[in-house]
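Each of the next two complexes has subunit A plus one more chain, namely subunit B in the first and subunit C in the second.
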Partner chain A sequence: MPVLRLIKAYLRVNLQMALAYRAEAVVHIAVNLMWLGWELLSLTIIFNNTATLGGWGPGELVALLGVFRLVNTLMAAVIWPNTEYFNTSVRDGSLDYMLLLPVNSLFVVTFSRLTLWRLWEPILAVILIAAGLGLSGAGAAPLNLAAFLVLVLAGAVILYSLWIALIAFTFWFTKFDNNVTILQALLDTGRYPATVYPTWLRVIVTFIVPIALATTVPLQALRGELSGPQVALFLGISLLSLWVATQIWRRGVRRYNGASS
Partner chain B sequence: MLRIYQRLWQVTWAEQWQYRANLIMYLLYWLVSPVVYLAVWSAIAEAQGSVNGLTANDFATYYLTLLIVDQLTSEITIHAFGYKVQDGSLSGELIRPAHPLLTNTLVYNLAFKALSLLGLVPVWAVLFALFQPDYGTVTLANLLLALLAIGLGFGISFLLGAALTCVAFWTTRVWALYELYAGVTVLFSGQFVPLSLMPPAIQTAAQFLPFQMFKYVPVQIILGRLTWPEVLGYYALGLAWLAAAWLLFRWVWSAGLKRYSAVGA
Partner chain C sequence: MTAEPVVLVDNLSKTYRVPEREGGFAAAVRGFFRRTYRDVPAVQQVSFQIAPGEVVGFLGPNGAGKTTTLKMLSGLLHPSAGGARVLGFTPWQLKPAYLRAITLVMGQRNRLSWDIPAADSFLLNQAIYRLTDADYQRTLAELDELLELGPLLKKPVRNLSLGERMKCELAAGLLHRPQVLFLDEPTIGLDITAQARIRTFLQEYNRRTGATILLTSHYMADVTALCERVLIIHHGRLKYDGGLTDLSRQIAPFKLIGVALGEAVAADLSRYGTPVQTEEDGDKHFIQVPADAVTAVTARLLADLPVHDITIADPPIEDVIERAFHE
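So, the complex of A and B:
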């Protein structure tokens, strides 16, 4: 399988890059733990003053924080480094070489750069999710847990598709190199259940920049608030968005004619 | 001296005006977190009537005022100056007969502030319409009192930020240090929640630290939640920290400069 060999090669290159900056990684991990402390402190302050937030208890919000951190890792470890690389390669024309490779161009553009030292973050996120579930004491039903896992993936696919569409727009508007800032900017809304937000903000994070689909919705499934058809609907939306995004990407690549003269 | 500032202002303004699209994105990025906290706390306050004596309107006025105050007291010295030490472009500025940080970088900070305030105005108006806060407690006297506190807050934050950026003379990892500093600032300045909701230990520590001058104190003065003696007490604290920050900055700058040797051809 050429794709597997490609993944192996990318992992090796990225590992070498990560090892070159060991001290930086340690400092970043320390800073990240500090922010985790602040996040938990915020939750403590909130629940010192209220029993539930929009009907959600402290355990569920810790689990939500875990899911939020998963999305955040996707953003920081995959989306940012590859976007930076992509923007540079559009500007200086080196995208040509990526497009000429005999593999799926989308795969090369979106997965060639990975910030490997962030690998510990998803582990921490899973611990947070498990601890949150334990804290809420509900002990999710297996079916809800399955729906949760499926929807976390579906949410990630939706955000991935939005990202593809955003970077593909660079083919039409070359100066559009702020392409993912909008995604990053609204990410912070994922820390809390979208159900407590005022309607306008809920509409934005559900339909326009669907952060909530990757954070609040999976948690709702875990709480058993979603019916089977609804889970299927979200899954369908994620597949549809991936298809639309690949179409936009293909059109974009066809328009692309290199940066050189 | 005044002419130096005037010229620098013209140049810096023109330079930053080119990046206005980036600025909108930055504003959006920086705006979301306070708005999220506002939404969360208003929801709680509405469900319960009040939180620790604070109503939904108190939260709305707090966070919406915070947006403006934060813009006024924050500094971006590390972005404007840090790289100059590392790539050696500081050398060109050192031979000019004016302090690089206290002229060029200061004006850069101020121009950025002016430009982002310009961008904030329409966004703030939209937020005002959405949350409809009642600003009945604000008086002209409060605003004038707050102006001095904001001035002190910016003075302290600029000098501390500049001192921290000067650590770049010793190490290339100044960014990580800066992030640590930003974390401490967030905790003690009242950025997450009004300080009165924080755990008592943090509140007590915050009383002696300079960070509440960046956000919490000016906001409270504007909203008329402080008495005269309290305001004067904060002025005294602010002045003391301003002096301390000035001494710290002078010391780090002169020690760092001795270590500086330009890189490159």
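So, the complex of A and C:
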């Protein structure tokens, strides 16, 4: 399979680059653990003052934190490093080379750089989700678990699509280095359940910016709060967003005319 | 030309739309709210053909439209008008089969990852271009032999010198054995030895593989060593398409002689040739002399004056081209 071979080759290169900067990996893992501690601490503070947050108990919020971290891994391990690489390559013109490779340009742009030491985070996230669910006393039915997994994937696809659209805008506005800062800010709204926000904000967060969906909705499925059609709808939205993003990307590439003339 | 042309360019044109504003703060504010654009014709109705195995030099001053043409031919840019076929493909459709058959190497851009040795980037290319291990090893061995890559491949790219890096960049661009090479200033910034090395390599590569090469360069030596035929482009228009020997005979049948004289001497050099102003070398005076008179004039200079140093050089390519359009 050429695609698998390609993925293997990219993983190999990234592993080599990661090994070239060992100290960086160690520092980052430490900082990451500190963040996790801080997040758990803030949850403790919140629940010392109230029993539920938007109808969600402490255990469920720990699980939400887990889902948030799962999605955040995509952000930190794939989206950030590739955006940085992409923005640099637009500026120094090496994007020209990327576009002339005989493989899908979107693949090259999104998987060239992977922060491999981030990949321990999904494990941590799964532990958080399991612990949170255990804490809330809610066991998960197999069907709900399946819906949860599908929706996490769909959430990731939505996030990915938004990202593609944002970096593709660079083709129109050459100087758009903050493209992904916007995305991170949006993602951070997903740290708490969408139901804690006032209605108007919830509308924005849920419909205009479907990132909170990426974290809240899968957990709702796990709690058995979603119907089959709702799950299907969400899946549909994710596929649609991917299609729209691909179109934007293709138009962007067409527009692109290099760093110099 | 008996063989079917590899590159067929027909009235190719590209116009850029660039934002325009005057200097000054008020203009900047106005420009923020209301952009005005200007159409810049970068390439205008350029037509030419290149036969298989030909090495063609593409010359012109900065901003003449060379890079734009190369970018259109490699598929990066859509033309505003006109068409082109390379190996039977329309380049800007970016068909994978096309991209596997060509390469674009730009002297001022990097394709190799900075932090890892070139050998590792090469393996990535092997996967991207779907080369079998046997093919890959064979090509790599050949490139290694021609470019003497050996130890360079194992060092992180950031630790290589410019010349060493360029060798690796070229190798990376050729691993998939492309039939058509578009080279944009492949020797820029390199020292004389490295330039010569790259030149010999391209010559040998062309001889062995029969690849078609279209190259731009600022260095006359690149062009004279490699190309029998040149295309000259100026202000986006093709001004000359023909043999190199004809070109220099027609346009620049002269050489530049530079002489450094003792401090006290203020000799009138106009007796020997046409004095020329140059930016470099404050203490050296330059005169322009017909190519066939160089030996005689040099002998006279050495006999008549206390010459400390003397150089004989081809006129800069920019001058030759400038001359082509102003005479």
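In this section, the second predicted complex is superposed on the first by the 261 of 261 C-alpha atoms of A that agree within 3 Å, B and C clash if a C-alpha of one lies under 4 Å from a C-alpha of the other, contacts with A are read in each partner's own complex, and residues count from 1 in each chain.
To be clear about the criterion, contacts are C-beta pairs under 8 Å (C-beta built on N, C-alpha and C of every residue); 3 or more make two chains touch, one makes a residue touch a chain.
Just so you know, these numbers come straight off a predicted model, no measurement behind them.
Applying the stated contact rule after C-alpha superposition, one finds that A:Ala77 touches neither subunit B nor subunit C.
Contacts of A:Lys8 after superposition: subunit C is touched, whereas subunit B is not reached. Contacts of A:Leu226 after superposition: neither subunit B nor subunit C is touched.
Once the two complexes are laid over each other on the shared chain, residue contacts for A:Ile46 go to subunit B alone; subunit C is not touched. Contacts of A:Leu162 after superposition on the shared chain: neither subunit B nor subunit C is touched.
In the superposed model, A:Trp38 makes contact with subunit B only, not with subunit C.
When the shared chain is aligned, subunit B comes close enough to touch A:Val27, but subunit C does not. Common to the subunit B-facing and subunit C-facing surfaces of subunit A is no residue whatsoever. Touching subunit C in their complex are the following residues of subunit A: 2, 5-6, 8-10, 12-13, 16-17, 20-21, 92-94, 96-97, 99-103, 254, 256-258, 260-261.
Against subunit A, the residues of subunit C that register as touching in their complex are 16, 40, 42, 63, 67-68, 71, 74-78, 94, 96-97, 99-100, 104, 106, 108-111, 113, 115-116, 120-121, 123-124, 126-130, 156. Taken together, the subunit B residues at the contact with subunit A in this complex read 21-22, 25, 28-29, 31-33, 35-36, 39-40, 42-44, 47-48, 51-52, 130, 173, 176, 179-180, 183, 186-187, 192-193, 197-199. By the touch criterion given at the top, residues 23-24, 27-28, 31, 34-35, 38, 41-42, 44-46, 49-50, 53-54, 178, 181-182, 184-189, 191-192, 196-198, 200-201 of subunit A touch subunit B in their complex.
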